[in-house]
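One chain, subunit A, appears in both complexes that follow, with subunit B as partner in the first and subunit C in the second.
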Partner chain A sequence: MTQPAPSAQHHGPEQGTVTGPAAAPPSKQGGGLRALGLRADVRNLSLLGVLAVLVAVGGLTEPDAFLDTGNLQLILTQSSVIGVVTVGVTLVIIGGGIDLSVGAMVALASVWATTLATQDFGFAGILFTAVVVGLAAGLVNGVLIAYGRLVPFIATLAMLASARGLALQITDGKTQIVTVRSVLDLGLPDAYVLGIPPLVLVFAAVTVAGWLILNRTTFGRRTVAIGGNAEAARLAGIDVRRQRLYLYLLSGLCCGIAAFMLVILSGSGQNTNGNLYELDAIAAAIIGGTLLSGGRGTIVGSVLGVLIFTTITNIFALNNLQSDVQQIAKGAIIVAAVLVQHRTLRGGET
Partner chain B sequence: MAPEPPLLTMSGITKSFPGVRALDGVDLEVLAGEVHCLLGQNGAGKSTLIKVLAGAHQPDGGAITWRGEPVQLSSPITAMRLGIATIYQELDLVEGLSVAENVFLGHEPTSAGFVVRTREARTGAAALLKRLGHPEIDPACPVGSLSAAHQQIVSMARALSHDVRLIVMDEPSAALDPDEVDNLFRIVDGLTADGVAVVYISHRLEEIRRIGDRVTVLKDGRAVAGGLPAKSTPTRDIVAMMTGRTVEYVFPERPAPGGRATAAPVLRVEGLCRKGEFEPVDLELRPGEIVGLAGLVGSGRSEILETVYGARKPAAGRVLVDGTPLRPGSVRAAVAAGIGLAPEERKAQALLLTESVTRNVSVSSLSRFARAGWLDRGAERDAARAATRELSLRPDNPDAVVRTLSGGNQQKAVLARWLLRGCRVLLLDEPTRGVDIGARAELYAVIRRLADEGLAVLLVSSEVPEVLGLADRVLVLREGRVVHTADARELDEHRVLDLVMEGSPTS
Partner chain C sequence: MPETSRRGLLFGTAAVSAGAFLTACTSNEPKEAAAAPDSRPAADDKPGKPVTIGFAGPQADHGWLNAINVQAKARAEKYSEVTLETTEGSNDTAAQIGQVKTLINKKVDVLVVLPADGKALTQVGLEAMKAGIPVVNLDRVFASPQAYRCWVGGDNYGMGLNAGHYIGEQLKGKASAKVVELAGIDNLELTKQRSQGFADALKNYSNIELVARQAADFTVESGQAKMAQLLQAQKQFDALWNHDDDQGVGALRAIQQAGRDEFIMVGGAGAKSAMDAIKAGNSVLKATVLYPPTMAASAIDLARALGQGKGVSGLSEMEIPTSLTLYSAVVTEENIDQYLPTGFS
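And then the complex of A and B:
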């Protein structure tokens, strides 16, 4: 649970001194938690190591194209949209749920926010609509799961289907071009702050917010509790259902924000937006060390997972490898990450 | 003629896990046809040892000899093929499959190698169940619908479906009623008469007296005594070997009722009932008082507790705290009113096993340490630490992961949770289950002290001496009905057992 280090150099043998934010001032008997906290740190450090290796590979194979400022900005920008979605999904998974509908929610929010009627209201109208549509879809998910007692897999699968359908109905399959200048301007280099695209700043803000929520608030603590042992949480007096509802709302909110970002990025709204985001987001969370059964995971890990994925895609594209190869590589990485996770977990049981 | 070699000899078995030396050179010798009891506190290495025996763990060192031949138990299948079967405490049955399918899981009678001959499996299962004294269990019935006792029988039938020479039973009586325990012992007798050896693990000394032939005592990963006569070794010696102390059940002294008897009740239960679980029950709990519910498994004890707590919705009746009725069926209402529950299944129902002590203790009081949802983690930690220190939870480390704690200290973490919450009524369901003998006395003292400080305690335990030793008043339950209420000092174990079995006082 370390913050992303500013440099990838520091994944050396300093593990002994790294403690998670939850860890105590060093105490002689703290072997247990420090072992666990350390494990999360080691995992995040090793993810950082993987990222460093990828950067090295990119730098070596395509030294000019890869390390170009524009390309690095591109990688970060591409990570931003899926990254925001992944933060929400990570919280849902830590809370013992799953959200398969994120891609469809992004699509629905992006097309609803770019209809001619919405665009009449300008920047605020687009942003507001995207966020509200995301929240509304998340609300439906949350109510169905928390109070309708639907299995999260089923409820969000249903949302995936219907949100995509609704998005298609709204657009009739056409691309909705955005004409609001103030929105489009945010995607242009002129809007960059110290060379950083605004979308990346949003991603960073969402990441920090997600980290704070998970590690510094009662909400985060309750999320871990219901994901780790829902029955124990209920008997401890936690309102498990309300907590679940909030988590899906949060995921919907992230999708709304991501939809707005996608609108900026593409200058349009399409019903095919956010295709397979659910898989990418869940995969990134898992690679980042989030337990699919809930109760454990880190925001930093998920974000690193996203960056690793995007960087691989970028390197492959620069080296003219087609997307089929990329997909295969992604699959292999997921398997490798889960194998490593299993090993770490088994090491933890006595 | 030379004496027959032991069926099993384990010598110098060592096994380490990261940070723990679980077995530190254990010797165990089991003869054919004997009941060999394995005693030891939690963490003494019993579970690890039987997992080594089952082939589930590989020892780091030591030698195993099986019927005179050195062997390596490299996998559960190897152990099974040699004729070693293990019945774990947490039964490893597939709930969705039928009894017969479970019994023959992995070695189903088949035609052409893959078509299961269902009828043959059912006949075979029925024969095994009959041998175990339970012909009434239907082999076609799904295992999930059976009682815990019957599931255990199925587990044993599965063991017997192999050509078994040694059965390891890990606390088989823990979930059983006395008459079911009798049946279990008949089964064990039958097995040993056939020459099968039984390694029997139990916390209950009286059981070991009844069926054991020899005893091996483990402590801190070592066998401190091997092959003692089970029937004649004095209890005091055995306890001393297990604990390194000579303490047995020690109950704290009851304070004089004093003003307690006249204080207004903090908890009142009026006509609370649930169909098929328990009939209308009334009870009052005053501050400083410990009331015990005694009864067999299935007498409705735990159900009453959970209904008072709101975890089950009552069919009728109400629960009042300080005269104010609680919203029925709402745990949150009960917690808000100051009720806390330490449930029977500590690990499944109370603890976040992979989380720290602090997080487990604070989970019910989080909003107290938060402003607008923002946690003051320093305050949280300090308060949790104060609560665990008051209960002398060991280790005194708020960051220790709860999974690594002993049963007694895990229970203290649960109690600390409610102490921190400032609760006034504590519901304890089997508070010493899975807690070793040495730590029990300490837990009893803690519970009594909490009561002395003004907490009202409702206690459920299947160990009658515990209820009698700890409670001030006792309600005796039988089949969901309160059959007797009395001052604990007016009752003795014999009387309570009579009431529990017969439902009316006999003399």
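And then the complex of A and C:
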């Protein structure tokens, strides 16, 4: 995938007036746009390399269970919910923000969409409620951050707390079982389109939409611009506040969609849903090459990051490794993946 | 911006009606009122000396914990002479310590405490005992026996043991039978105890092998995810024990999605959804091993007896025992009607 080639990125560190985060690594003189594009390619290639190594490990250790269609469907399905959330988070991070409330928004939306009262409205009621609750929570985040001038970390942390609280209040700690057949059926093999689960199709659609927004629209360029250097973007005539508001709205929308997907997948709504999604999504974005300080990142990288995480978990489970070993190995693999990436990146530069 | 006002109006109206719709959608009240959860008569119904019981529990963010609160309140209401002072549940140790101290200052007659963390609340338990208020410690045990007059709780090891024996009996005569375990949160001691009991029970059956074990985290979402992977890893097995019925909702969903039914499944804890499935008999779920929330009702009974200076009927002891470990019964199709009223959602 090609990195968007935003002119705003060149308002980066060299200009001297920068107060915000650096837009790009320091050694970018002379490389120009081509090098930037190339770097994103190399980065994503190295992620594909990591994925290939994982597939090899899985295939060698558990050939029967790992290498079949069922497992591919499983890995993609299990990536789909967190994947949709990660697309939204990636856009927010590229725009120079952070969203810690995604897990809580998924929980709130999934719980609100599965109350007995909502279930009375059937499929449409559940879908509508999940999406609108996600949007509304995103709107609150956006308004607080863009117009209330709250630091994103604090505003979304506050949303994390209150959305989880509200979710608990709605459920009373109970598991809300979905009885709407049309929703449940979407999670069963009969609903697969040419062998592809509907959830995976939604994931693919959101990924493509995210990619298009970031790489082929003014909106995407503005996002990169305000993430790279908000002040420069403002001077260039971009309405930074409105752009921020839209980004948090988008993240909320992604959470709403993810919540609906989670309802389909698990056939229920629970206030514990989306536990630690914020960390998983941010980790996937970082592994995928998104700069935590904003101004740089790709949707494809983030999606590859999600797939890497899910594949690791899958291989562990198939090999019947226990939680303690899983957690140790997962930490080690994250460090290894990032190190390999840096290596490849340096190799690609010189 | 006068030109945008029509668009603004449109969005405004849409937002207001969406809001109105959503507000109407927070209700979880079933259309018909559910039957009272507890229909058993109280052990000794004759009202005695008035007793004020202070009850402090954790935040009810899980079906089982919610059932604990419901059981305690319903039981206290059965006794006309019992006044129940409950605190707002909290998972924060400091907050819960404060709540118990408030109950001590109010000079309640007896305390019932289900700590968010047993060890961390030991000190305040000691304080209550020193102030002459007997403490009934519910389930999560204090670090020192001096901090409580009586402990009543479940048996995690026994849960695993009974699940293992049930599966062992069901698979009797089946050569080289394979068993899979879906455990709860692995960094909780209770999960280790359940797994140990399960493994120990299976050792009695030489034809059974525990082929795979994965830990979920008591949530539907994790139950679905881990079970889907277990099903992918094990193409054929004979029995499954799932530690917790809440995550079991997700596990059953994964089993349905994988279209598998060659094995029997045993649950844990005793949720209503699991009991309904056992009664219906149309899924792989054939039994569940209880971790009874009725222990909260028993704790109220014990607290009342302590407050009135009585023993428990049915035992020849003058005093209430210091510890009471509950039996983890196996609920199957045969005895389901007896246990169904205790199922929690």
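The rule is short, and it goes like this: the second predicted complex is superposed on the first by the 301 of 350 C-alpha atoms of A that agree within 3 Å, B and C clash if a C-alpha of one lies under 4 Å from a C-alpha of the other, contacts with A are read in each partner's own complex, and residues count from 1 in each chain.
Everything below uses one rule, namely that a contact is a pair of C-beta atoms (placed from the backbone, for glycine too) under 8 Å apart; a residue touches a chain by one contact, two chains touch by 3 or more.
What you see is a predicted model; the values in this text were computed from it and never measured.
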Check your understanding: Does subunit A have more residues touched by subunit B or by subunit C?
Key -> C
Review point. In the superposed arrangement, which partner chain does A:Ile238 touch: subunit B (first), subunit C (second), both, or neither?
Key: first
Exercise for review: Mind working out whether A:Gly70 is in touch with subunit B, subunit C, both or neither, as first, second, both or neither?
Suggested key: second
Check your understanding: Of the partners subunit B and subunit C, which touch A:Asn229 in the superposed model: first, second, both, neither?
Key -> first
Practice item. In the overlay, answer first, second, both or neither for which of subunit B and subunit C A:Lys174 touches. Key: second
Review point. Is A:Thr218 contacted by the first partner subunit B, the second partner subunit C, both or neither?
Key: first
Review point. Thinking of the overlay built on chain A, is A:Leu116 touched by subunit B (first), by subunit C (second), by both, or by neither?
Key: second
Check your understanding: Touching A:Leu265, do we find subunit B (first), subunit C (second), both, or neither?
Key -> second
Check your understanding: Once the complexes are superposed, what residues of subunit A are shared between the subunit B interface and the subunit C interface?
Key -> none
Exercise for review: Over in the complex, which subunit A residues touch subunit C? Could you list them?
Suggested key: 62, 64-65, 70-71, 74, 77-78, 112, 115-118, 121, 125, 128-129, 132-133, 136, 168, 170-177, 187-189, 262, 265-268, 270-275, 313-314, 317-320, 322-324
Practice item. Please name which positions on subunit A make contact with subunit B in the complex. Key: 22-24, 27, 29-36, 216-219, 221-222, 224-225, 228-229, 231-239, 295-296, 347, 350
Study note, to complete from the structure: Per the touch rule above, subunit C residues touching subunit A in the complex are 18-19, 21-22, 24-31, 59-63, 65-66, 186-187, 211-215, 217-226, 228-230, 232-233, 235, 246, 249-250, 253, 256-259, 271, 273, 345
Check your understanding: Okay, in this complex, where on subunit B does subunit A touch?
Key -> 17-20, 22, 309, 311, 331-332, 334-336, 341, 343, 348-356, 359, 362-364, 366-367, 369-370, 373-375, 377, 381, 395-401, 403-404, 417, 421
